[in-house]
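The following blocks contain the structures, represented as structure tokens.
In the two complexes that follow, chain A is the common piece, with chain B as its partner first and chain C second.
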Partner chain A sequence: MTKQKLSPAELICLLLCARSFTTLTLFPVGITGGLTYMTGALISTILQAFLLIPASKLAAQTRNDPCTLAFGRSKNYGKAVTIAFLLYFIYEAFRDIGDLAYFTDYFFAVNMTRVMTVLCVALATVYGARLTISVLGRTASITFAGVIIMLAIIAAGAAEDMEITRFDYAVNNLPAELAMAVYAEFSRCECLALFSFLAADIDGDPEKASKHYLISKGVIIMIIAAMVTSVLGTFAFAEKLPVFTLAAASENLITERSDAVFLLIWVMTGIVKLTTLLYCSARCLRLLRPSTSHIGSVLLAGSLPTAAALPLLLGYGWEKVIYSPRPAAPIIVLALIIPAFLLIDSPKSNHESEV
Partner chain B sequence: MKRTLRSDRTFFLLITAVLCCIILAAGGRSISIDRRGIVHAMGIDPCENGYRVSLQIFQPAGSGSDTAVDVTGANVAVAVSEGKTVSEALSAADSSTGKELFFGHLQLICLGSGIALDDPPELFSFALGGKNISPSADICMTQGKAEDLMQLKLTEDETSAEALSSLISTSAEYSRTINCDLKSLLSDEGSAAMPVLEVISNGDTDSSSADTPSISESVRVAGTAVVTREGKSLLTENAALSAALLSGKADKGSVVTILDGKSVTSQLDNCRRYRTITLENGRLILRTNITVSARPDHELDPQQSKRLSIVTAQALASDCTALQSEMFQSGADIFGTSQLIKQRYPKLWLKYRDAPEKLLSAVEAHVNITVKVV
Partner chain C sequence: MKEVFRNMSEPYFNNIKSEILRTDLKNNLEITRSALGETADLNIINITIGSTDCAILSIEGMASSQLLAELVFEPLTNLASEGPSANEIIDMLEKHSLMSTDRQLVTDFGKLFELLFSGFAAILIDGVPRAVCLGIQGFEKRAVSIPEAEQTISGARDSFTETLRTNMSLIRRRLKTPALRFELLKVGKLSVTDICIAHIEGRASTETINKIKQKLQSIELDTVLNAGYLMPFLDETYNRSIFSALTVTERPDNACAALNEGKILVIIDGTPGCILLPTVFADNFRTMDDYCEKPFYAAFSRWIKYASFLLAVLLPGLYTALVMFHPEVFPLKLLLNLAAAEVATPYPPVVEMLLLMVLFEIMREAGVRLPRSVGGAVSIVGGLIIGDAAVKSGMVSQPLLIVVGMTATASFVLPSLYPAITVLRLIFIIAGGFGGLYGIAIASALLIFNISAVDQYGTAFTSPLLPLRHHGLTDIFARAGFRQLAKRHTTVTDNSSDVQ
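Right, the complex of A and B next:
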């Protein structure tokens, strides 16, 4: 059976949807200046360009994901690497299901209970995760086009209120604030672990794809942060949801506010991200237990984060998760260290498999 | 056999899916539109218990249909409630009206003259916590009680609130006042300036005009309130043009100048502002360059146009410089000057963050206006 392939553009759209969802939901906690955040995001993106070199070279040379390559080296090594990827994807899926349910409840007031939201989201994403990666890629392309259209609508409606003087470095300790912004931005980039896992599935050059992805990601994050800062200024960082607030303040000839468009695109990017995470988790489960059926692995991948998120959502404890810091160490391990080790061993393992 | 099993499974899956949809849909709570109170405008006044809130709620006045809007009517009902905080007063209004109030369409927030604005985030915590209130909702002040303004049921537009919003936006467009919205009031960018509305007490008690008052007979823009930490001051309509030009919010305006013994009224438009700020010998030098186009109401030859341009520019520059100096001396910054200092000299801004009036008093303002007569 031939493996389904993604085009580089589809992979980039998939990763951009995943990254956009995080930024559209919340800005990093503790950031007080828009220009500081933008500068931190830019520095972080430049550092990520170096970080992704091993993963993209590995994918280009071997055309296999790190878990399969690790299994090719030894069974225990393969299990360890696969469990590492699986745990991280399940953790991110847990955060995303919770954020989708929590903020849907916040945006839409009382009409949907959190249980219903979680069930609907879980069913939709489990169904999506059953499909092939090329289908996910096409869906992500359409969704990302929606992101661009949404940003254009919001920018057009808020253009009158944009003020260039709102960009400033008036923070007490600029180097410390920049470092915090760089770290906060980096720890929100679970898309790097996704790239490391999915880069081998593209039918183009993974190294070029990684460069194009990082440039696009940097541009999108900077555009969103610039729009929020130039329109809302310091008010943005006093509000819980800056991009939603910006959309609510954006007025055009047809609509008084643009937050309905924002919510549509926000839900779509969330679903695409969650579906991708469940797809990757299900693949990891099938690598660990090859006897597991396709549907069984997807159901298990969907039910684990759902079961973990529900008690916190129903017990109104999700706020602690929102404001808890995201760990950066797993991203470094999955996107840099594991691919680097595999890359170093890769010529040997190829030679051994030929023998 | 296989095909039968597959079609049986498909059939049962379909039935299960439909049942799930029905059961899950029953779990939600929906509110019919007539049980929703759509709030268009609100007024906030101080009272003994804390705050008195008056809400204009959309109520279609059409006959024979729940949703028809009678354009000859005001289409609003007014609900009043009190509470220790504005949020508490709004919760009380929910139960007093018997409707679930919805603030997504809130266009205008009016503050009574007695409201203290020393802590806007505290006063507007109901808007910050609530996800439905748009940050672009207009804010204005009233000369007396905001409730009097809310009780006015104007019929000019579809709803009374739209008529008030139109009055404010048109006045701001013609630089008779300066617009203010929620996000500019709550952002830390200097002092706030907002329109002041005054309810005109109509001495004639003609019943027909009392039922459907026109906007020009009922309410007028009384000026622009400048809110600082020390209190409030009022800018007249004449000073509003200078304030609008200096803050970059001027769209159109008009100015009367004397030329060859005649009063010439010029309509102003295409107003552009460009500012620079530099630090020289321990003083901040603010240079504001403004260009406007002027259309006089008299036919003028090129020489007269040139003289009109100079005279108008001098008059406007003089008014602007005087207003700017007065504002800086009193510590009021409605022109975004502290934001400019924050961008260009962040360390200096941080040093005087808690005492911006000291920073403003060190600013030397120069205004240069170029008038192009068209």
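Right, the complex of A and C next:
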């Protein structure tokens, strides 16, 4: 397989799959209304447009990922940046793999134990992560087309139950609620760290790609939030797998409910996200230990989150992880601070200052 | 002399290939006999022309007796009356004779044997260390006939045959452009099979052509008897993907259309199946009939093929998963019918489905290898009698039999994808039977990874959809109009080379 670059559209689909999986799994806890959440998501997306400027500029200028660039400055600096990325990717993979196993076991009567569920998904993602990034991009494009079709099927089936009044306009403390929604949306955007890491792998303009991604992400989040909250109202924020609940109520001419379609696409988006995280983790591992083989790094990247998630899943303690707050600080560090620092410190900038 | 060729058990004749012809005729004949081990099909006819001894060598069955008499014996007999010297004979044969359209001068034994085994007659003259070989091939060959595996309603009725030169002419007849190039190679240490690489200069990538030539020349096989022998060497993802990015075609019109798109055709002597490469996934859904119908119907037919692929791969697995783990998705009436049918059977749906699918494959395999008259009987026995008896005895449920029937029919829509469909179907049944839709989702993700991972000679298997090429896309989901096709579209070469 030749090493190929991603097209901007493929990167956007990859990130959208990752982002959609988080939203399809759980809406942020503590938000009281659909309108508040949608407004918060919109504001957050606008803020993210500013946040991604350094990462996209850095990718456009250097055509290298932040870890490699940091290694170019100094070995220790490179190690620190790579470890930071690696830990975040492993943490996200841990959450992703656990969510997949937990919710599959919780909602779908499948004749598999949690261990088997985790092992199956881990093996599938290890298989995917040993391929090239362009293969992941193509897979993500097909999967994202599936997300659109699934949303269309669910929306068509639940159209009769949708009511705009369920967006819940009444808010006690609007600034506080909005701030909470903005923060919640921001902390769920782990795809920003992925963008920072993968932006240099595209064969187009990373700045344009970041703009298109954020617009598409904003639209897709708004559509999902609008669909779910217009039917479930504020219950959407209390439900696990809110889109599943909506799909269960969505009837069409062929099937009684659409939750099967949801399960199919939800698992696939989860696999795409997890595969991307493992691929990025494996790349970080190879940067830290260049002697590691490709398959060895992928296996190690896959086994770490699996091993971490299994005890919690088997001990029925995963609920704590689900409702634990998602930290926004790593996203700011990985998607803003590190690229910004590398950009300021880039040879081009040094050269300009000398002149 | 014999010492040189003592070790004739060496099957590749490497020790004789570079040996040059001697001046003495007897010596040459002795070496030939010794090297070929007095093989029964070697014909040596000694003749004296004037005072010069000559010998005419041919292989029985490979050279035409009539042509041998008309083009070789008769002119040589006439020449004998003039009493020429050895130099005059060779001069006449080399410069003044029009005995055959294909004439080659040979100075070594390797080339002499190669031409003899290709149906040439060789004239050896005493005192001349050269042989004149005349192409008078007359071996039995099958006439051009209707394609068996790629039937069309309105397309051409001729198909490739086992003869390389005939196949080349079938292509040339349709593409009378000087840009059409044929390059001949020999592959196979024992079979020394002629392989021809055909392409249109300026359309096909030069890099790809060179790569293919390199791959073919490096093949270390003893024999090349059909296209399958070359596929592992030409297919860059042969062991990595369930799909093949090469197409084997027996239709010259298909081959010409592909050459026009910048693809490369590999014709193999001795087999009617020619290899087209690189192929994209969407090529499996296109037929020549699409270009004989109006675009709206061709587009409809193409969508039917896409739906058939999905049905053939997914339907049994989905049915098993839904019936076993997610019955709530079925409308109530259907659910009750399914439940009633499944309750009466002793095995779980996954076992029933696997049993029926394996049984179906056995019957198909039996039908394929048998004569047509008996093949029909196998279908009747399998389809009607066993199917009906299986339902009546309560071994399998009726809805399941309907699903298997639908799947089997759908899988016959795409013959080129049949091997992949068969394996994938079983994987999806197992995935659905043990993991429900979760298993199906994982299997689907793996399938998409597998399709996306096929990348042949710089062309993605998912092209022109991924990466997106707008100009090729029009002929994927619909059938492009001929005005648009006239602007030239391609699925395999770069955009830059698309410009007229």
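Here, the second predicted complex is superposed on the first by the 338 of 355 C-alpha atoms of A that agree within 3 Å, B and C clash if a C-alpha of one lies under 4 Å from a C-alpha of the other, contacts with A are read in each partner's own complex, and residues count from 1 in each chain.
Just so it is clear, contacts are C-beta pairs under 8 Å (C-beta built on N, C-alpha and C of every residue); 3 or more make two chains touch, one makes a residue touch a chain.
The structure presented is a predicted model; accordingly, all values stated were derived computationally and were not measured.
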First (chain B), second (chain C), both or neither touched by A:Leu15: neither
Which superposed partner A:Thr234 touches (first chain B, second chain C, both, neither): first
Partner chain(s) touched by A:Tyr127 [first = chain B, second = chain C, both, neither]: second
Partner chain(s) touched by A:Val267 [first = chain B, second = chain C, both, neither]: second
More chain A residues in contact - chain B or chain C: C
Touching partner for A:Val81 - first (chain B), second (chain C), both, neither: neither
First, second, both or neither for A:Ile153, with chain B first and chain C second: neither
Touched partner set for A:Asn172, first chain B, second chain C, both or neither: first
Partner chain(s) touched by A:Ile202 [first = chain B, second = chain C, both, neither]: neither
First (chain B), second (chain C), both or neither touched by A:Met112: both
Chain A positions touched by chain B in one structure and by chain C in the second: 109-112, 120, 256-257
Sites on chain A touched by chain B in the complex: 106-107, 109-113, 115-116, 119-120, 161, 163, 165-172, 231-235, 238-239, 241, 244-245, 248-249, 251, 256-257
Residues of chain C that touch chain A when the two form their complex: 237, 240, 322, 324-326, 328-332, 335, 434-442, 444-446, 448-449, 452-453, 455, 458, 460, 462, 466-468
Chain B to chain A touching residues, read off their complex: 24, 27-31, 104-105, 121, 128, 131-132, 134-136, 183, 186-189, 336, 339-340, 342-343, 346, 349-350
Sites on chain A touched by chain C in the complex: 1-2, 4, 7, 9-10, 104, 108-112, 117, 120-121, 124, 127-128, 131-132, 134-139, 141-143, 254-260, 263-268, 271-272, 275
